[in-house]
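Okay, got some structures for you below.
Both complexes shown next keep chain A, but they swap its partner, so chain B is in the first and chain C is in the second.
Coming up: the complex of A and B.
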């Protein structure tokens, strides 16, 4: 059973048509991706960011959660000789640098897991709706319409308020707020993909629906998925910031960048560094993901690859 | 044609110039008689008998007046609609009321109205824990004299009147029990003109006020719950007075020449209340004492609040309050002693507990929760934090889901009676049960008319609360009022009630 379609695919590839197939030439595309110096820098930055998240709490310059009111609002010591608190301390005397590093893991964990959940559920919904059409399509798309009718931030706030602020509720709510956007884009991509010859050919050879969905349609969706995911991840970081800013984010002693900004906003006049540095961390991270998304789409999209 | 156009141009320029010159003056002129107050909470009711919330009283205090009032800065009771009083015997109070006062609906205020109003107070639900069934009956002697007969001696009776003794027009109040909360009528210098829920409340001057018409024609309360937005409105000159200004804005507002800042020693006592009805180490007295040793109230007051707060040290009273006992010493910040006490109580490695606290309701409430948690963690007590939005906090509180420790601030009149009766048997504020003696002493103090003997009873209670604490006694922040300099004679009050009676424009 499995031999036949493979043969066809090889034949089609021989004919010079870009056919989306898993595992095929990933290496080549990867090399293409890495050929760009820009992309290597972006990957290095991402690796550094992830490494930062792995730094054990004990190895941070200072304990990020221990309050010491005597050290309140130490100014950033960069450039000065002391070097005690490079980015200063916050209103409870906690080292801002240590807190930024400490908060990175929660911020990225929340937005990362939420992105995975939203991508998985949204893609599945979009695939099913686009491929089967009819009643399935109608049911899924009406659900999507309902989700899209809510302003995202309002929906998120209402849900967090009802469920209570906790790490997993925040992740769940973020994912819930975003799956519909995936579903809609993926569905429209599937609608055009399923009419293409290679899908027709696979079907003619007796490939089952699951095989067509998984081996023929999904690889063709890499482009929209990667693009939405990277932008979505960046957006999750910002939405999480908004939730934390409004005091509905994760509970202390857990910390996120958005929460740090929210806590520091009352002191902008006295201590700009409490808000400025986590703000810079958010901006930097969001930029890394957005650039990466762009670059990955260029490299891995089976439909653009031939044109390069 | 050209000349006509020139003339038009000239006229237009002149008009424009005139507008520019007159603009600021023209805009400011009508505000001279209209005051705008930025309020942080939308009242749920404007009926005094239905609430003890000071923020609501800030509105209705100008509509419904009281028989007696507290001095702005101390527990002294002063005459208002009641001009004088004397105790005929320990359980009988004779009271004289002001003659020639009319309610704004035309009803007359007299001893009969005063009798009716005191009776309303004594059966009002929210005041139940303070009134304690003291009233026997009230006789109206003549148009301006009444005699209040109590069941037993009640030293707190006059302070109670100063807290909640508002005067209602008997006919209107009796006929409109439901409507009164949204259409209050009183003897005050203002009448309620408009109330758009969640948006604004407009009061208009009552020309026939017994004290003479107020210099301000109209007072608008704009409901701006968000601190940042309220402060921005103040800085932009949209509001003249901001209630509940966050203490964190002090430095920023201080440099604004248009604003005058008034700080006032507050009476909102921030406390992390223990629930000892739940199983766990908190049941052990030593654990609770240890937790009081573990928190550095002085550092919180001086560093985090920048000196704009006073520490509650070893008792629930500040030295300026009636009820403070000099004999009860501070616990003192002593983590070593805390650890030792925990070890004695059989939890040398600490234990796990949970702390619920409000976020954004009081100045620095979230910070306070984090600080207390951190101090407890430092002596080995693991704290799960639940920062809660105020509505959710109240909901969980009402539903009995507060868990082992909850932290907020309670505002009480500066007489120990009002503090201790919060923790009497049956009170919704009681989460730690004391032996019989506790309630007996509170009742005994309530009936003791000699202030010194009464204070001695409170000292015994304070000692009990020291050895067997019902909470981690934290701090009392100062209240901050930010007022535009156009507004004159603004006097802040310790009870957080806005008092506009003397206010006028420059």
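Coming up: the complex of A and C.
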């Protein structure tokens, strides 16, 4: 699900004025970011989420993959005396809470790696298109136009169906569906950056193209890239959940939140909790990343403070 | 202007060709479509026979040109499952998706603009902050989850509305509202920031200063300029809306193209998958073209070289 066009526009506004020094500027922005209490809470939530992913399977309240039909559809026990299954059990008698924690690692791993791949490939495409212009630019941008026209879910579903729903394929297909959005944003940022004096100066000093791209242009693009990636990660979680929900996600024993909802969907009448709780996990996680993206955009781009 | 339209049209051609190429190779990525169609247990003979009849033994270029020629004539092949021409099957399901999509669009646009303007006019008040929070939550809720929650509440718990199928207007309520939410959240966000920008413009101050009632200032001066960019944003969301329709139609058993596509994918009906991806993507591309061109009439400030 693409959206937030302003996110990229305002993220860009900072790019034109960037001073291309790798670490220093990011450090200053980081401190600005951490000054806000809300942002520290967001980071704490993110850390908690990542910690949950690191909990060994053996230490979960119950085995998340062992089937025990005798325990089928136990109602959530919160508020009651017996604390057996806090969020109930699903149609195979598996503990919903344990499965939510277990699924978090797959959901976040898939979305995280896909974000890294999409960021790397899309940034490279955008850099090349913006810097070289001409035929390179035209070729890359026509490919971008084409990619942006595909309805993401349909493309991802079709590709996963054809390639097979392995962990690698799902990640690869997700990344493939998103690189174009990066390319478009990075390209327009490069178009304004490459006209700046420091690029001219570097070229006059005899710097090679690769050096200009890597040492002079890329550092100025770090903040828009970080902001877009944060939103993209959230979007990948939503897309991955949708394809898992439709039955084309990674196969068991791997589990994802979307897949859990797909399992629960046929039992809405008997057992709402099998559907409701994993969905809440998705909403909460996506919110954390969207809030983080907003907060970083505000920290990186002084023009937006208080506006959104 | 004419030159711009022609150049824009020419730019669309490679993208369209690219889409045809991608959908063509989509099926061939697996290696052997014939074996996929027949399944693992098929005899070698049956696979060979099907390969022959599908023309899979010809050189790839011949196959592609045949595919392209078919597409240009409106022939997308025959569905494996229904044994009928794909285009007819697709066409039968267009009205349902159109109905759902238009209802969702209308809902999202009317609610989105109203709430967005309200939020901007009440900038930084409690209402504004609440709306911004709701917008963020609205963009974080997956469509299928929202749909299932709606089914649990309105269908199972309160028994107010039908939860599946198409027919009466009541059937349209839940799917349209589900599909509209994500778009509405986006429109609220966009309208709000556009109106905030325009609010500071001199001509709005002038309109106010000469004593026009606030309603006139908003509708005649503010919205007109704030909302032209919204049209591009909305057009850019068409592919998002199609993606949403895939999920929403599946959840509510809505007999449209989205649900049809999911069924085609789960039954590996490749001609169907090809046609659906190809047609929907081309529609998005052509709509983008149309909007870019229409823009010049809407905003006289834009000139094209």
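Keep this in mind: the second predicted complex is superposed on the first by the 278 of 308 C-alpha atoms of A that agree within 3 Å, B and C clash if a C-alpha of one lies under 4 Å from a C-alpha of the other, contacts with A are read in each partner's own complex, and residues count from 1 in each chain.
Just so it is clear, a residue touches a chain if its C-beta (ideal position, glycine included) is under 8 Å from a C-beta of that chain, and two chains touch if they have at least 3 such contacts.
Please read all numbers here as calculations on a predicted model, not as lab measurements.
Judged by the touch definition given at the top, the superposed model places A:132 against neither chain B nor chain C.
In the superposed model, A:248 lies in contact with both chain B and chain C.
Looking at the shared chain after the overlay, A:161 reaches both chain B and chain C. Once chain A of one complex is fitted onto chain A of the other, the partner contacts of A:263 are limited to chain B, with no touch recorded for chain C.
Applying the stated contact rule after C-alpha superposition, one finds that A:109 touches neither chain B nor chain C. In the superposition on chain A, contact of A:146 is made with chain C only, not with chain B.
In the superposed pair of complexes, A:172 makes contact with neither chain B nor chain C. Legend: residue contacts after superposition of the two complexes on their common chain; A:65 is shown touching chain B, with no touch to chain C. Counting the residues of chain A touched by each of chain B and chain C gives the higher count for C. Once both structures are placed on chain A, chain A residues 161, 247-248, 265, 269 are touched by chain B and, in the other complex, by chain C.
Across the complex, chain A is touched by residues 227-228, 246, 248-249, 251-252, 296, 299-300, 303-304, 359-360, 366-367, 369-371, 373-375, 377-378, 384-387, 389, 392 of chain B. By the touch criterion stated above, chain C contacts chain A in their complex at residues 11-12, 14-15, 18-19, 22, 26-27, 29-30, 124, 132, 136-137, 139-145, 148-149, 151-152, 156, 182, 186, 189-190, 193, 196, 233, 236-237, 239-240, 242-244, 246-247, 250-251, 261-262, 265-266, 268, 273, 276-277, 280-282, 284-285, 288. The touching residues of chain A, when paired with chain B in their complex, are 65-67, 69-70, 72, 91-92, 161, 165, 247-248, 251-253, 263, 265-267, 269-270. Listing the residues of chain A that touch chain C in their complex gives 1-6, 142-143, 145-146, 148-155, 157-159, 161-163, 234, 238, 241-242, 245-248, 258, 261, 265, 268-269, 272, 275-276, 279, 282-283, 286-287, 290-291, 294, 306-308.
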